[in-house]
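In the two assemblies presented below, chain A is common to both, partnered first by chain B and then by chain C.
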Partner chain A sequence: MKIKRYILIYRECVKVAFAAASTYRLNFILNCIIMLIGDILFPLITILIYGSGAGFEGWTVYEVLLIQSVFTMSMAIADMTFHGILWATMGHVRQGDLEMVLILPVDTMFLLMARTFSIDAVGLFIGGLTIFIVALSHIALPTGFMWLQFIVLFLIGLSVMMGIALLMAATSFKWVGNSRIPEIFDSIRSFGKYPQSIFPKAVLMITTLVIPVAMIGYFPATALLGQGDIKMMLILIPCIVFLILGITLYRHMVRLYQGVGG
Partner chain B sequence: MGNIITVENLIKRYDTYKRGSGFKDSVKSLFHREKVPVMAVNNISFSVKEGDIIGILGPNGAGKSTTIKMLTGTLYPTDGKIEVMGYNPTKDRKTYVHQIGAVFGQKSQLIWDIPPIDGFRMNKAIYGVSDQDYEERIKVMSKLFNVEEYITRPTRVLSLGERMKCEFIMAMLHQPKVVFLDEPTIGLDVIAKQKIREFILEMNKRGTTFILTTHDLEDVEQLARNVVIINHGEKVFDDSIHSLRKVLGAKKIVELTLHSPIDQLDMEGVSILERKNELSITVSVDLDIIAINDFISRLSALCDFTDISIKEMPMETIITHIYQSKKEK
Partner chain C sequence: MKYIRHKIEVMKAVALVTYKEWSAYRTHSMVSIFVGPVYFIVQYFIWTAAYGNRTELNGMELSQMITYFGASTLIGYLTMDFADWNLQMLIRTGRFLTFALRPIHHRFFAFSQKVGHRVLGLIFEFIPCYFIFTLLFRIHMVPKHFGWTLLSVALAFLMNFYVHYILGMTAFWFTQSSGIRRVFDLLSGVFSGVFIPLVFFPMGLQKALFFLPFPYMSYVPVMVFTGEFSLAGIQMEIPTIVGLQGIAVAFTILLSEVIYKASIKHFNGVGA
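Here is the complex of A and B:
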């Protein structure tokens, strides 16, 4: 019953997002194009690098494109479904109007994510999916088990991004106006779109165990390439820890807002 | 009827930071900020009966909004007890807020780019209102507010008054038993204010209890049966509107712009409060002694004036009156 209600709320929020996006049609189209160009540029650069005879050692151009397309799709889904909570929380805390969310009988975190559903990232997802299909058509056909591994790792990659978005949003309750933090994370996240074997061991430790951004693009793609092994499952632990930490801290900070707001 | 809200020894204390002003203070604040404790609400107790309309009055910064936020469960009290319909607002927030409604005059639940009707649908899903109830309530409330044609227009093109009416519909769609209103008529013109007051009275007739904060005495006079006045976080008055009228007397403040200077207004129950300049004076009119229409007709006979404005007594004067009456007792 509760789940059904939450699905209905989410459906309404998505409808509202469509309605709001359609209000400013030109802005919507431009946003889609800009997001597409901005994030699709990386795979194009990869093609240029390989076209000039250079490349990432041990990786074919289509393998690298596969990683980058998975990364792009993951980013697009994050932008569409939960990334908005970061800016929404910052805005509400800064303007002191989180009360308007707190007076509603739903989970604050869920409602902010649902309300900030962004249709603009559709273009990015389509772009990522196109590259994904192209890259996939140039590698050996993955088995059913590989697809299963890919789906699990892809979802875990999303949970890493959700955890980090929640952690950043949570800091804005205490550190009002921390708009540079997301920029720092964006830079760290970029490591996830390259084959991890090109990085030194120290960087690898960070991108797999400390801030597991490698799970966003690299690990799910390697599963499709048949390079996944059981050790990969160990990396699930920090990813899940990130998500739990993000949810717990966000909930705690909402309670703290209720405690200190004036 | 029994109490629907009980507030006992409510306290809200929080810390803020003193940043100073100007470039020097701004630079200094980067390294050190002085913590300033604020006692927003200090030991307030009151109760509200089911079906009542209670006005919480006070000047800006008195602690009205903080009190109402604590009552809605969106702010935790430092100390004290709140019970609304048997709920403790700070515990089990989601269940509690399902039973209440709230309109914050300076904050909006509406979504700027889309029509209010889409926002209503979102609240329908949030509160789990059935299709039949939703249609019925929208019809009734839109008619009461006369907003049938506005609710399908984007929120951003609506006037403040139209938006506020839609805020009320949004807050009352789930038919809450208790509705909290924080400055619901702020910034509105006379007609919009009146329409909102009529709506509140109509909903109250249908059984909704209202708690409204305002610094507009007219809101309280027209709506509330009981009044709590807060000043500097402390309760200074808690009684019926009739008792408040007794304390204050039935007085109006009249601002006059004269055609030519006058020395005095020789009328019983009328006294000059302030002379801004030779042609601009403020007078107090005691309505228990002279009716406002008698005052205007006698004023017209006594002097020529180019402008007249009749106002409620300022909040500061009301509080001074209350303190004086307490001392006299």
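Here is the complex of A and C:
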């Protein structure tokens, strides 16, 4: 029953997001175009590196593009569904009006995510999907089992993204109004955009076990490339732990929040 | 002489106030102490892997490439600008009107603000990151031609400011110019050589870049720092490229003035 109510709330929030986008159509179209351009420019670096005759040993340009397209699609889904929680939390904490959310008979974390649902990142997703299809057409056709592995790992990668978003949002309770918090996590996330074989083991340990950003793009892509094995499934554990850590910390910070009656 | 002394006094006062104002948010700047080195590490591994056993790529050795990204990060802290955001906000909210009434040109005020803000950047971003790069990462971060590098960075400082100010002035016509600013930020990130040296681009594009503002904002000072400049297959002496950068800056200043005059005629101060 509770779940049904939450689905209804989420549906309403999505409707509002669509209505807002249709009101500010030009802004929405412009944002989509910008994200599409950004999408084209991101793999451009990889193409230019390979175009110069260099490259990452053991990786073709399309395999690297596959990693980056999976990363982009994951980023787009995160932007649409839960990344907004950071800005919403930061804004409410800075203005001192989080009480307005806390008094509502709905889970705070859920409501802030639902309210900040955004379809602006649809351009980002389309761009990522296009690169994904192009990259996929240049590699051996994945089997059904590989696709299954990919879907599981992709979803787990999204849970890492959510963990990061919640950690950022939790940080904003203490580091009030610092709009550069995402930069910190973006810089860490950038390790996940490339084949992990280019990094030394120490970095690899961090990107797979501590802050498992390799799960966002690299591991799902390797599953499609037929390089997935049972060991890869073990990395799911730190990813789940990371998400739980994010949720726990965010809820803890909400409990610690002291309103100023603003 | 009296006029110049007065201008310097005004600049000092505005810069000092801006410095104090932003000092309250110094941790905002200090984020760079973490972010800059992390991005640098990523670039280090990318390029080390890309070079493999090769000694050079597009005329750049690996050590030069590493220095390139180190210098690019550091120079970015000195020249970073958001005059466009500020100006657009003032126009949109109508607060620009108060500047139109003051006995000071808004552009000069904004420039003075940038001076103060970047002094803060020098202390809380540039210096800590410089020590991290040199002492921790052991990167040779000493420019080949100190004087020319200093001049080129100063010109890049001006170029960044004037280009962003021109961008901000689009708000006189569009009011909400955040989309244009985002497009520009995206293009300048790529075509100023922040993500990848411009010599990696196709030859035709490299030639075209000589006529665009982007290379003069980051690529030129960074290459001057490394001691060698090359673009579109043209190798230039350091004084020549810095001279060219100076011409580009002078042109941008003139363009800024023309657009400012047209903008002020267009401005009606609604919303004040």
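To be clear about the criterion, the second predicted complex is superposed on the first by the 255 of 262 C-alpha atoms of A that agree within 3 Å, B and C clash if a C-alpha of one lies under 4 Å from a C-alpha of the other, contacts with A are read in each partner's own complex, and residues count from 1 in each chain.
In this section, contacts are C-beta pairs under 8 Å (C-beta built on N, C-alpha and C of every residue); 3 or more make two chains touch, one makes a residue touch a chain.
Please read all numbers here as calculations on a predicted model, not as lab measurements.
Participant: Check chain A with both chain B and chain C modelled on it and let me know: fit or clash.
Facilitator: fit
Participant: For A:P105, decide between first (touching chain B), second (touching chain C), both and neither.
Facilitator: In the superposition, A:P105 touches chain B alone.
Participant: For A:R11, is the partner it touches chain B (first), chain C (second), both, or none of the two (neither)?
Facilitator: First partner only, chain B.
Participant: Which of the two partners, first being chain B and second being chain C, lies in contact with A:G144: first, second, both, or neither?
Facilitator: The answer is neither, since A:G144 touches no partner chain.
Participant: Go through the superposed model and pick first if A:Y194 touches only chain B, second if only chain C, both, or neither.
Facilitator: In the superposition, A:Y194 touches chain C alone.
Participant: To make sure I follow: the centres are taken over C-alpha atoms, the vertex is chain A, the ends are chain B and chain C. What is that angle to the nearest 10 degrees?
Facilitator: With chain A as the vertex, the angle is 90 degrees.
Participant: Scan A:S52 for contacts with chain B and chain C and give back first, second, both or neither.
Facilitator: Once the two structures are laid over each other on A, A:S52 reaches chain C alone.
Participant: Please provide the least distance in Å between a C-alpha atom of chain B and a C-alpha atom of chain C in the combined superposition.
Facilitator: Checking C-alpha atoms only, chain B sits 6 Å from chain C at its nearest point.
Participant: Can you tell me which positions in chain A touch chain B when the two form their complex?
Facilitator: 5, 8-9, 11-13, 15-16, 19-20, 23-24, 97-100, 102-107, 111, 255, 258-262
Participant: With touch defined as at the start, can you tell me which chain C residues reach chain A in the complex?
Facilitator: By the definition above, chain C touches chain A via 25, 27-28, 31, 34-35, 38-39, 41-42, 45-46, 48-52, 54, 57-58, 176, 179, 182-183, 186, 189-190, 195-196, 200-201.
Participant: Any idea which chain B residues touch chain A in the complex?
Facilitator: 12, 14-16, 38, 40, 66, 69, 72-76, 90, 93-95, 97-98, 100, 102, 104, 107-109, 111, 113-114, 118-119, 121-128, 154
Participant: Once bound in the complex, which stretches of chain A touch chain C?
Facilitator: 27, 30-31, 34, 37-38, 41, 44-45, 48-49, 51-57, 175, 178-181, 183-184, 186-188, 190-191, 194, 197-200, 203
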